[in-house]
């Protein structure tokens, strides 16, 4: 191996870890409020295409449209609340919803093509010139270059952008307990050790894909719904730093086109397609009475929803698919043949994939599926743990001063329970339905708060000992050494008693999560016994992860991604065990508590992992809701 | 230093250790090795079959035409090429892809390749001419020495700019794998030993032995190294130009914003006030692997 | 559907290595051309395909579930501001698409905040972000607050209501 140099970037004011939509929003806004502050970005891949928006997006799913008189922020809060069965951080949601439109209008100004509604081109009053809506909250865009455009906005403001740095740990202040001091990692190209010393850190790293066994396990393991490079680093970094996490049990299962996981939003909302079971029958309403029994009328009132047109929560619709498939009446199809007869809708239907999930178009081309003549299959995916879609996993963060009740506020917006550590996007818990625009907006909010934190004189007197830096260096590069030494025992091949390589390690994690924490092979079912057994297996795996081996620098990156995924999964187990009810049927089921229990569990779950002992402390946080003043 | 006006071959002849006949035999053996190993490689790897199949597929695509397009417009995409067209393309291939290493867009890699290629050609051509004409003129000697120097610069520059760069996965530049690096190393060795032989005024001796060793490795290793790969370049270059010219272009799209039909497609009205040249975005910067 | 590189088209320029979000496009040590080192971590995001100046990269559907014989190729033209797709089915059907990817020349409308006036103390102490409140509704109205929208946060499950 090449000799490892140590490269230190010091005196940073605002360090952005992970430059996806959340991180780019943070770096962009940080310069506005901190004209003379040193802003540095550390990104695992290349900022121009990194993150979940690499291939582009065909819709912005979080846009109020207040300028066109379309929605108010509180409407969005209620929508997210209903979709998540009541358990959300309504202060953070309202805050995100009231700002998100300014992000979207800026995107358009920078050049992101937003489709206009031809019917509103010459409308009267506010509605004139409105964007093409896919649904109540979604507007349609040609977002193939969404990421390059926002990346440039961030790059222009930052002092330095470090690409290809795998950030493995956050640095902690040795002088004052529970305060962040920057981060460390390694360069995936040169193999050098990088140290970033900063007064504030904004984590915009990824949520977690591939922690549950995926449905496709060969080459197809790459075709996960959420990017395969989202290695749960946001959670891995923050949990390790001792930050409190919330709602980590709230994993998401999606109903998408089979194997390709292509998006269905535009199909349902814009093309007005609908689903049927394998025999051409409507099936959802069959399962709703049973679901209503399970979750209660507060969350699903079959009789009332016909009249009120109140949306059915995502998880319940997914649950109906799962039940119908298990009852032997699959496969579930999307009826596209009617809509695709219209050539304009056909074009939109295909562009929807090409601009967002090209893999689905490739699969249809490979299998000769033309939705004009065939109704394609849907499936329910393996579970994902992230915080910006129809799910709200992430760090427990403070909200904005003017909105948050005292249990939700401790000084600075989007700051975690660790001093100086902020989150944006998937990293922040309790804010589902943020999507791309909302994540970017959260980044902006975190950046402004971080600047305020600095201007208030916080972030002074941070000390990082040489010992901490040296210990981390040793820890980070150890897998290379483990492999190098351990390899001497065997003739050749990948099997050795002294180490495990990252891919088999990942497969082991996926199997544990799948079988004990409610993955696809068990139809998303788990219970207290299984969860306990799973947690034991996780702790044995943690011991084995000390013997991770890496053949080269690329594998070293995979090794640390696995460590982050493992740390995330452990937290998911703890939360899933703690919440003794089935709040989101369709996402997962607690066999020992199959009903929704508002009396005991209308709360947010909050965890804290002790940095030294690794012990978890679980607690309940109150759940507030927005109400109209009389 | 190097005496540009003589070659060490002349000194070798003067020493009477070897005759021109001996040297001619050596050159012939080298040529036979290269030709036979290239052909063996072609057959063993099936590359010829592959190229033939490839060409047949392209012809089939051309013949199939545009009947199957159900969304978008493929009119005018395909073009039957005449013999004249093909001759022009062949000339272009030779002039650009071969003569100026046009397949490389990176200017440094292109220059490096040109230096190495011309160095190699000049060096070998001069060697052959000296040996078969059985005399060493001043011009030939200058060409021989220049060739060796160009080869030296090119091959070493290649090693330190690209070999090192291509293993920018934290592997040191000294990491050598014989299987993968045999061609590069043999070129470097040939140039170094030839120059060394020239500086020490030729004749027999350690440098001569090293020259024989290097050239034998270079020409004798064709079956295992990527030497034969060099001969595929003109074929690949020609094929690439043909498919671009006849429109089949390996199933690549041909839509351009220039045609009115395309400008009227769904959502293209968003570009109606935009200039035809929007500049460069992520392609503005050269890749640096970081 | 992981990516693969056409040997005869690639010149080892490294654009794909530079851009891949998964760090799986690397340069082969012998031929000095790119290839995909880890197909099961390939999302088929097409970043490398779009970045390649020679269109040397293509995608073949994931072998676990995609039959052979298809082709989905693209040319992303930054200067023209468009992306073109050609989808060819296994049975020969073809569909072509063309879309805009930017409405403004790249980077020209992105400000450099160092050149802008500093925000006032009033802005700093408010809940407003950059270019607000103007850019929220594109009018002169203020930021939404609980007060302005006549709302309050109440504790308890009973306040989970539909409208």
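Chains: A, B and C, in written order; residue numbering restarts at 1 for each.
Here, a residue touches a chain if its C-beta (ideal position, glycine included) is under 8 Å from a C-beta of that chain, and two chains touch if they have at least 3 such contacts.
Note that the structure is a prediction, hence the values are computed from the model and not measured.
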>> If I rank A-C and A-B by number of C-beta contact pairs, which comes first?
In response: A-C
> Whose Cα centre is nearest the centre of all Cα atoms in view?
Replying inline: C
>> If I average the CA coordinates per chain, which chain comes out farthest from chain A?
In response: B
>> Using Cα averages as centroids, what's the distance between chain B and chain C in whole Å?
In response: 36
> How many Å are there between the centre of chain A and the centre of chain C, using C-alpha atoms for each centre?
Replying inline: 16
>> Measuring centre to centre with CA averages, how many angstrom lie between chain A and chain B?
In response: 47
>> Where in chain C do residues touch at least two different other chains?
In response: 18-19, 26, 71, 74, 85, 88, 93, 95, 97, 99-100, 102-107
>> Can you list every residue of chain A that touches 2 or more other chains, as numbers and ranges?
In response: 48-49, 113, 142, 145, 149, 152, 164, 188, 347, 350-351, 554
> Which chain B residues reach two or more other chains?
Replying inline: 71, 169, 266-267, 270, 281-282, 289-290
>> Considering only the defined contacts, which chain C positions touch chain A in the complex?
In response: 1-2, 18-23, 26, 37-47, 59, 61-72, 74, 76, 83, 85, 87-91, 93, 95, 97, 99-107, 109-114, 116, 118-119, 124, 127, 129-133, 135-139, 143-146, 149-157, 159-163
> chain A touches which residues of chain B in the complex?
Replying inline: 71, 168-172, 266-267, 270, 281-282, 289-290
>> Quick check on the complex: what are the chain C residues that touch chain B?
In response: 6-9, 11-15, 17-19, 26-32, 51, 53-55, 58, 71, 73-75, 77-82, 84-86, 88, 92-100, 102-108
> In the complex of these two chains, what residues of chain A are touching chain B?
Replying inline: 1-2, 48-49, 113, 115-116, 142, 145, 148-149, 151-152, 163-164, 187-192, 343-344, 346-348, 350-351, 552-554
>> Using the touch definition from the top, list the residues of chain B that touch chain C in their complex.
In response: 64, 66, 68-74, 103-106, 109, 162-163, 165-167, 169, 177, 179-181, 226, 229, 232, 236, 239-240, 250-257, 262, 265-268, 270-271, 274-284, 287-290
